[in-house]
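You will see two complexes here that share subunit A, one where it goes with subunit B and one where it goes with subunit C.
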Partner chain A sequence: MISIVLMVITALFFPGVIVKSKAKFSGRKGPGIFQPWFDIARLLRKGNVFSNASSYVFQISSSVYLAAVFTALLFIPFENLGPLISFTGDFVLFAYLMALGRFIIVASALDVSSGFEGMGANREVLYGLLVEPAFFILIGSLAMFTGHASFASIFQGLHYTSYFSAVIGVLAAFTFSQITLVESSRLPVDDPLTHLELTMVHEVMVLDHSGFDLGIIKVANNLKFAIYGMLSANCLIPHELDFWVRIVIYFVLQVGLAVAIGFIESFRARNKMAMNPQYILSISAIATILIFVVIIINNNL
Partner chain B sequence: METLEKTKDYASIKNQGTISLQDVPVVSYSKFTAVAGELLGSETRHCVNYYAYPFQKGLKFIFCVADDVEHDIKLVSHELPADNKKQLLSLAREFFSMHVFERELHENFGIDFIYHPWQKPVRYAFNRFDRNQVINNYPFYKIDGNELHEVGVGPIHAGIIEPGHFRFLCNGETVLHLEIQLGWQHRGVEDLFLKKSSLIQRTVLSESIAGDTALGHSLAYVSMMESLGGIQVSERLELERTIGLELERIAMHVGDLGNMNIGLAYQLAASVFGTLRTPVINYTQTWCGNRFGKGLNRVGGSHYPFTEDLSDKLITLLDKFDASFDPMAERMFSLPSVLMRVENIGKVTEKQMRLIGAVGMTARMAGIERDIRESHPFAAYKTYRITSETFLNGDVWARAMLRKIEIKHSVGFIRDLLAKLKDMKEPVSKPTAEMELRLAPNALSVSLVEGWRGEICHCAVTDAAGKIVHYKVKDPSVHNWFALALSLRDLEISDFPINNKSYNLSYCGHDL
Partner chain C sequence: MHAILFKVAFVLSLGIFFVPKSWKQFFAFAVSLLLGITSVVWAVNVLMSGQTMVIDLGIPFWKENPALTIDSLSAFFILLIDFICLTGLLYGWGYLKPYFEKKSAITLSLHLFSFIWLHASMLQVVTMRHGISFLISWEMMSLSSFLLVIFEGEKEATLKTGINYLIQMHVGFFLILGGFLTVFHATGELTFDALAGYFSNHNNFWLFLLFFMGFGIKAGFVPMHSWLPHAHTAAPSHVSGVMSGIMIKMGIYGIIRVLFQVQADVYGIGLFLTVIAIITAITGILYAIFQHDIKKILAYSSIENIGITGIGLGAFMLGKHLNKPELMTLGIAGALFHTMNHALYKSMLFYSAGNIYYATHTRDQNLLGGLIKKMPFTGMSFLVGSIAICAIPPFNGFISEFLIYSGTFQTIGKASFSESLISIGIILCLVLIGGLSVYAFSKAFGLTFLGSRRFPENSKTETEVPLLMRISSYVIITAMMLVAIFPYFFLQVVAKAVAVVPDSRIAPILAENSHALQTIGHVNLILISVFALIYSLRSLRKNKIDIQFKPTWGCGYSAGDFRHQYTSTSFNDSLRQLADGVLMIERKLEPLTEVEIFPAQRSFSTETKDLIEEKVVLKPVNRLIKELPKAGWAQTGYIHHYLLYPLVFLLIIGLLTFLNVF
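Moving on to the complex of A and B:
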């Protein structure tokens, strides 16, 4: 249960910290930390407008997306404190729930038959396809390292007995944070601030969503940040520490991740669209290093 | 003997000069095509305007060619009586750069140009010849194929700028063809110049042709009025006007660099360049009360003398500007993630740019040395020379780099002019009153100004009473929009915004 509370709290401040840090880096004051949530609250009070060209697929899409992401969230533990649901191989279901969320948004984008949204859907599916191996290689290596096969037991068994095994934690946390950038459509893969449909990936798919539906899509996006943020933190925080110390470290890590995203988005340009597949595949390559580290540490080589 | 014959074929005037209409030779159309062919045959000459106006129930065509070697404008005319068949052999077939002028003539007067390769409407002017042609029925170029799809963007812009429609023919993410359809911003500017008869109305109108080139267009207008009215302006006034024009160039170029960085999602440069533009336009406000310089250029004089105090403020401003601009530009042009997005993206060749008759920055970034400030000097450029830069690459990088270099040149040039101003103690006179302004009767005047985008051309014709009977405006964007379309060929569609921003062409300047 504690993990759910932590993730919900993270989702509350994470997007705001990104915006705030970007503003600070460019010398502006920036909006308050909770401004993204005020925007969501405003959207939730509004009604929906549906395109004449859309069907029920479009109308259920945002709810299904939020449901999928929220269900996926239930599998994530905080360290050795177990999640709400856990069973052997639950990370496969987790990956598929995330894919379901992506699928329904892609389907809704195609449903309104707009030229832009088709293009965005095409890009989103390609990037989703390419980032999935990174997740499985990563979680597979962790399973191999700990000898367990569920989120709860993997992170429970993730003890760093030697200096070498700390490498695993750092590599895994880095890979999770890279996956966050792709999954949440941030720089360098996608530019969340652009108003130009032709360069959008995620944003263009939800162009036709409005009001309440758009609000809950944004809620789900913020939860996604929290999920991957929690996974990264789980790889880094040592279990031996006192509970409250770990909570503090957790929040420091989350704010750090958000500021890092703000930093990246301030001091570099977006990738050329055609370079993105290469970039995303490099995340899988880093994850592959993890396999070899695990094999070496387990003395199987 | 032969040279004597040739001088009869065309008249020539200096930039911002006035000539009596009788002195412009009127030739037959077949003779005209021969003369035009000879004039356009050389790379050092390009057509700055070719238009027609109603004359004795028929049409009178004026053809103006700028000669970079002889630094003058060659004029030739031909007429089409009312009872003649409205059909002419197209010049664009041989000289494609003429396409837009002939399209405009076709749209406005219903003249059919035989063998014109691309005889499509330009802007759907409200006083066009065929009112049944409506903007919703534009004849777009089409390609058939199962793998191809069309993406239409606009005319409502997703951001805050002006309306225009872009039709992409794509194969997946690759653009095969882009067609740009404009006219949504048409206000009837040329017609308003005739309807609004007072001097102040016309001057204000010239400032509103394109909001981002208020100083460029108004300078073209006031210089022409001075030329038609025979008013000699002091050297100091010309210097002050030039400072205004170069300030506009700096402000727009640095704003464009900021905008390009928004397109690249490089926030640091976007905010630095964005904040650098503000003090420059604020300075213009301190000077004349308007950030875009409206009110600064007036016929015969100025309401806002450039005082010693203003001069000192400008020097301080330029020092501060340099201190932030230089390191940021250095960083931007050495950052790999920026270079990846700009190098070899949206490349056009010199040949393509010559074919479409590109002017200004768009010509210079692809290797064409075409700068009115050098070839047909006006205002202070007559006395003081500014260095004009040319790049060969023709890509987004070249367009960004050219802006950076032009900013540096302009800053240096303004510093030089400020030093010169120190010696000129005599203040500029007040603007000429309307009743004192008598325009030359039966005259034609052509005024070229190198605005920040490129060559601005204004032409006016007066009648026997010295009243303006026809006014013609040509913004550089009229030619340069085609360059954007050519840039997009075989490019990823997601690179469209950065290309569009790298040109930053005017919608209202084109639509008039």
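Moving on to the complex of A and C:
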């Protein structure tokens, strides 16, 4: 339960911190931390404009997306404090729930008969195809390291006996945060603030979503940040510490991640679209290094 | 008692030729239902009691009495065969309606007769253990499916495809025959059970390879898959549904029977099977993405799913060798579970593709689009099938892939170097296959059913198909939902089938993992209820707020039409740039010249050829066709020469005998 509370709190401030830090880096004052949520609240009250070409798939898409992300949220533990749902191999279900979200948003994008959204849908399935292996290699190497096969037991068993094994935690956290960038469509893979439809990935797919639909898609995106943020934090925080200390470290890490995203988005440009597949594949490559680190540490070679 | 019913069904099937035209469908369904009920009773009995049942058919034939031997593995397959054949025939009832005006009574009778015989012969294939009767049933299956494929034989292409199918099936037949004869030569027995005796004191790999090639042609393992996309496209949709849903699984059944007997060389066989299966799955789904014809997409995706089943079987063998009971148990359980899942959603997807063809008379994605607005129910079943086939919850496809994943993830911890590499390899391939199938099916569903209709001038009369053609899909969706919500129950059925393997480690592992499956069932329910909650919240606001329908956003340009949408070719393009090396895509485009200031109208077309078919099948065959006439020099046309040939032959034989060469 505690993990869900933590993630919901994170989802509340995470997007705001990104926006705030971007504003600070560019020398502006910036909106308040909760402004993104006020925007969502406004969207939820607004009316809808639907495309003439759309069908019932478009109508259900946003609800399916939020339902999938919300259900995936129930699987994430906070360290050794178990999640609501846990069983052997639960991360497979987690990954496929994320795939459900991707599938339905892609379908809704294709539903409005737009060239832009077809382009976004096409990129999204390609990037999804490329980023999923990274997640599974990462989880696979953690399973190899701990000898367990569920989120809860993996993070419970993630003890670093030496400085060498702490490398695993750092590498894993880094890979998770890279996956966050791809899954949440941030720089350098995708630029959420771009004003050119031709260069968008996620944003272009929801161009024709409006009002309530757009609002809950944004809610789901914020929850996604929190989910991957929690996964990264779980790789880093040592178990031995006091509960409250760990909570503090958790929030420091989340704010740090948000500021880091803001930093990246302030100081670097988006990749060329043709570069993106290579960039995403490099995440899998880093995850593969992790496998070999684990094999060496486990003395299996 | 029941054996008589089984035989009566065979005799009754002849009656189809004498029934009036309007009653033929009903009669065929009744006969199939008789076969179905009889065999389901047997299967349920076997599954409940756990004991093997032997039913003597009482027809003495060539030194043996053909008997139906039903163990729990056969029973599992019997249930699948009956379910798919009956829903297929029900769908065909509606699908064939327009053909009843065009086709002669004898053609239709032959078609329905073959359908019943396909049903009956598959039941025999999974129950007959004696080599000769098994091979006869196998041949019956190939012949009846051949007749079903060439239903529209007046088209030359269909007939050619049918003959291609027939030839490839016979190559497979002779390979299996060769396998049985090898066993017969060594042990003096001609049954599946004699395989164990052969395997215990001979090299296991080569005989397995012989059987694998024979059964693999039917199943569609790469590189023996080339008949599959052609035959499934040429056959009418209810036939493709049944062929892809269950007939190709007979190959899997044969491989499982052989695998269960293997004694030694387990590692080599397991590795071989896994590698071939991975190649099959990735090739299948990659080619599926690059097709424009909906039925071809589905056919290539069947190859992919055969590959996933094969990965499960490979994991079973590898786990057996490495002494990893989790990998072994969940591998075989996953393979059998996947056989069931794929039978369900793939037959339904083929029926939906049939509905599209029925309504629009085309299967080309580049001519379709926006069908969901005219055919909401067909669209819904295709959407459900697409989500299920990508192994995405909350449908049944996830359960079987989860079992295989879970087996590998439980093995990976504290494993040795090679074991970790094998596990991570299997996981990586499954993930890649999963990602590619999302690509393939978001395209298959999205470009056919969503967006706006391409070339709307052709689409004036398109409407949803009649209820008779949709019932089968509803029945299958219900079954899929049952599997998704109560996976534990179905795991128990699969566990009964797996119990054929005499290994005491299997049952406890399945019991351990049943908790996971129960939880997945609950998660599926949670997912559906969360969705229902959000959606009803959304609906509640509907009458309070302002809802408008406007043109799609196009940077302010609102006169866009269907040409703005992505096409099948453009949707593929990003992947084509990455995977160009392993594909054979012909792009026909006349490039612009520098002097051309006002370009004239041009056409652009792409065609994806099956690289493996071209290199493995067509190239050697074409070479053979070119070289064989050279042997014609011996055909001089003079009778003297023809008399000389046997004389020379006899002389050589005599000489060799004299010299004691033999």
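The definition used in the following text is that the second predicted complex is superposed on the first by the 301 of 301 C-alpha atoms of A that agree within 3 Å, B and C clash if a C-alpha of one lies under 4 Å from a C-alpha of the other, contacts with A are read in each partner's own complex, and residues count from 1 in each chain.
Just so it is clear, contacts are C-beta pairs under 8 Å (C-beta built on N, C-alpha and C of every residue); 3 or more make two chains touch, one makes a residue touch a chain.
Small disclaimer: the values here were computed from a predicted structure and weren't measured.
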- So, A:M119: does it touch subunit B (first), subunit C (second), both, or neither? both
- Message: Quick one: is A:A233 in contact with subunit B, with subunit C, with both, or with neither? Answer first, second, both or neither.
- Response: neither
- Query: Given the superposition on chain A, which partner contacts more residues in subunit A: subunit B or subunit C?
  - Reply: C
- Query: Of the partners subunit B and subunit C, which touch A:T146 in the superposed model: first, second, both, neither?
  - Reply: second
- Message: Output check: A:L100 vs subunit B and subunit C. Expected answer is one of first, second, both, neither. What do you get?
- Response: second
- Query: Does subunit B (first) or subunit C (second) touch A:K46, or do both, or does neither?
  - Reply: second
- Would you check which partner chain A:A172 touches, where first means subunit B only, second means subunit C only, and both and neither mean what they say? neither
- Query: Is A:L193 in contact with subunit B, with subunit C, with both, or with neither (first, second, both, neither)?
  - Reply: first
- Which partner does A:I280 reach: the first (subunit B), the second (subunit C), both, or neither? neither
- Note on the structure: Residue overlap on subunit A between the subunit B interface and the subunit C interface 115-116, 118-119, 122, 197
- Residues of subunit B touching subunit A in the complex: 149-153, 158-159, 173, 261, 263-268, 270-271, 275, 335, 337-338, 340-341, 345, 492-497
- Task: Under the touch definition given earlier, write down the residues of subunit A that touch subunit B in their complex.
- Result: 22, 25-28, 115-116, 118-119, 122, 187-188, 191, 193-199, 265-275
- Item | Of all residues in subunit C, those that touch subunit A in their complex | 369-370, 372-373, 376, 379, 383, 386-387, 390-394, 398, 401-402, 405-406, 409-410, 412-417, 420, 423-424, 427-428, 431-432, 434-436, 438-439, 441-443, 445-447, 449-452, 512-513, 515-516, 519-520, 522-523, 526-527, 530-531, 534-535, 538, 541, 545-555, 560, 562, 564-566, 570-571, 573-575, 578
- Contacts from subunit A onto subunit C in the complex sit at residues 45-53, 55-57, 60, 62-64, 66-68, 70-71, 74, 85, 87-90, 92-93, 96-97, 99-100, 102-103, 106-107, 110-119, 121-123, 125-126, 128-130, 132-133, 136-137, 139-141, 143-144, 146-149, 197, 207-208, 211-213, 216, 277, 291, 295, 298, 300-301
